[in-house]
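The two complexes that follow have subunit A in common; it is paired with subunit B in the first and with subunit C in the second.
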Partner chain A sequence: MPPRPPLPIPVFKNGVGMFVPQIKRIVFNYCERSGSSRGLIDFFQRDLKQFAEAHPHVEMVVHPRPSKHPLVKGTFISGRQKVLCVKNMSSKEIQEHIKLLTEAADAHAKPAIKGGVVSSTPAVRGIWSPFKQI
Partner chain B sequence: MSCVRSSLFALARPAAATFRIAQAISFRALTTQAAAAPKRGDLTPAQAAFLARTGFNFSAKLLKQATTHKTYKDGKVPHSEQLQYFGEQVLDLYVTEYIHAKYPNLPPATLRDAVAAYTSTATLSMLGKSIGVQDVMRWEPQEVSGKDSEARMQAKITKALIGALYKAQGAVAAKKFIHAALLAKDMDLAPLLPLDEPKRALSALLKRQGRERPVSRMLHETGRHSSAPVFVVGAFSGLDKIGEGAGSSIKMAEYRAAKDALLKYYLHTRVNPPLPSDTEAMPHAERNAYVGAPLGDTPAIL
Partner chain C sequence: MLRSLLSRSATAAATSAPRQAAAAARPAVAALASRRFNTTAVTASPTPAATTATPALTAESVANSKAAPYLMHLAQSAGPYYALLEIKGRPYHVTKGDMLQVQHLKVPLGAKLVLDKVREIGSASVSLRGAPYVAENLARVEAVVIEHSFSEKRVTVKTKRRKGYKRTHGHRQHLTSLRITEVSVQPLA
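On to the complex of A and B.
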């Protein structure tokens, strides 16, 4: 008997049946003394608690990194990382910027114009084939 | 939460301060009743994040046990082997009843293969990866493990988590999770079907069903004497067209038409099928009035 072919694997698409937010850990690096970290320190003091409670599925780590610009590093379930520099940003600007981690997952930032609509059902009557008579 | 403040006011302290969420708010709670929050005092941030992401309502002790493999600390701490076995049985039950109800005309060998495919190591490791199980699993890679050891471990821990879910939150929650996380993902069953002699199989099938024997009729053809002919052939039972195939020769088109007819029959799908496990969530009166889905026929023997 010929060897059995390997069993197929179902297609795992996030959002089909169950949606799992892809961001799993955010590490905040800041410097105690530098001016560029002032906005991030302000964020820690005012908004971080609320932000962490709004995203209970994300592990938050605050790690001082002296004499360097402030960074926000996001790690995703796929293992990829996105590093955002938040130097000289206010607390509000930082919150807007890190939406890139919590909402856009690990996809690269794509230009909005090219690509258009992506659909799994591109045509109502089906795509033309030479084998169909209609 | 006070550990963040203390690090801000201490100058040049290099230690990392991790943020502990006192209460992991699960906004995707799987149970219908509001369960009392179990003791969650000694969860690590990664574990708390995992519970919030999946919506599981485990105590810290249960989560620790479910995510610990027996290789961790040589089995001196409670490990997940029992829960793993439990989870295998739970998975087998819900996956089998769903596939059997969804595809009533599937041959028995294909049903077995489909269940095996949905509960295989590869599939369960992908399921585990999709919920982020690699951050919470505790294990020790052995020397003779091989290159797929991490994937195998993810599959085992996923099974243990499903067993723990069933044990802690009951059948309804476990079924909801299995349906949402695993059974909602599509899998093409065509490679698992016995389609090697389609015309013969189609003949036997129609004879068993008491329908007219299959006949191939040309629907459309073009370029017969050229280097690229196209023949479109339909497989008919009497006046009903049961399959269609196209090819560059009449024989090829006939073969494909018979195959198409068999695929349409075997993969006939019942949408939102009534499942026997639905009765677990029904009130008493409705449960007594439950009538199962009609049985499909067994396949023709060649």
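On to the complex of A and C.
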């Protein structure tokens, strides 16, 4: 019996079947005493609950890190990690800044796609040849 | 510029007849004086025609046209379809399953969008080109917002040598990624 051709490997295209947010976990590091963590502590007291409810798919961890500047560390499904320093930022500024974690697909910033389209489907009208009539 | 126009018109009135006739032929000073530049104030100039949505096509309206059999062929073919979209004034060529990176859209993550500005839609053998857009009830293109991101930083450095002048300007473009979930042609009612 001839060998079977290999099955095509399924390519995950986020959004076609179902949309999966790419951010997995966010860890907040803060210092109880330092002035640079005041904004983050303010965020914990006022807005963290609402923020966590708005992102139920994200695991949120609050962990003290004494004598250091406050950090927000995001881990994505790809395994990559992005660390944002939120020193001396207000609660509102922190919420705007961590959109880099909650709304992005990956930790690394890439150049803008030239042409704007990334496609793996073959050409609908076929590849041009000089013998092909339009 | 407005002041120089006013002074020119004032001196023209005081001089000879040909100049006066020429001044009369020019637009009235009062109208120029009342016109405001670079503002959003309502002016006396005629307003442009209100843009209307692309009118819907019906089977009756195209029944006797030469395009009818082509439209039927396009709708009945199973696909795949391609579409030329316009998003924020820029064109994109898409098929189903493509990822599109466009300028930032103020839409929540995971939102489903129906893209109505379709310049052209077609299959392997038949294409339909809109003027300027295809009718909304004919072409159906849907997308999902999958990401709001910033591009990598591009730094512009301005230097003047031997003058102690150096300026650095960083820029990250705010982008939105869309996943095209459907490109299809709806049959006419």
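The rule we apply is simple: the second predicted complex is superposed on the first by the 102 of 134 C-alpha atoms of A that agree within 3 Å, B and C clash if a C-alpha of one lies under 4 Å from a C-alpha of the other, contacts with A are read in each partner's own complex, and residues count from 1 in each chain.
Just so it is clear, a residue touches a chain if its C-beta (ideal position, glycine included) is under 8 Å from a C-beta of that chain, and two chains touch if they have at least 3 such contacts.
Computed from a predicted structure; not experimentally measured.
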item	value
Touching partner for A:Pro21 - first (subunit B), second (subunit C), both, neither	both
Partner chain in contact with A:Phe12 - subunit B first, subunit C second, else both or neither	first
Contacts of A:Ile113 with subunit B and subunit C, given as first, second, both or neither	second
Subunit B versus subunit C as contact partner of A:Arg125, first or second or both or neither	second
Which of subunit B and subunit C A:Ala105 touches, first, second, both or neither	second
Residue contacts with subunit A in the superposition, subunit B compared against subunit C	B
Intersection of the subunit A residues that touch subunit B with those that touch subunit C	13-14, 16, 21
Touching residues (chain side subunit A, partner subunit B) in the complex	5, 7-14, 16-18, 20-21, 24-25, 32, 41, 44-45, 48-49, 52-53, 56-64, 66, 77, 130-131, 133
Footprint of subunit C on subunit A - complex, ascending	13-16, 19, 21-22, 99-100, 102-105, 109-113, 116-121, 124-126
Subunit A contact footprint on subunit C (complex, rising order)	80-82, 90, 92-102, 109-110, 122-124, 127, 143-144, 146-153, 172-173, 175, 177-179, 181
Residues of subunit B defined as touching subunit A within the complex	1, 4, 7-8, 11-14, 16-19, 21, 24-27, 45-46, 48-49, 52-54, 113, 116-118, 120, 122-123, 126-127, 129-132, 135, 177, 179-189, 191-192, 219-220, 230, 232, 246
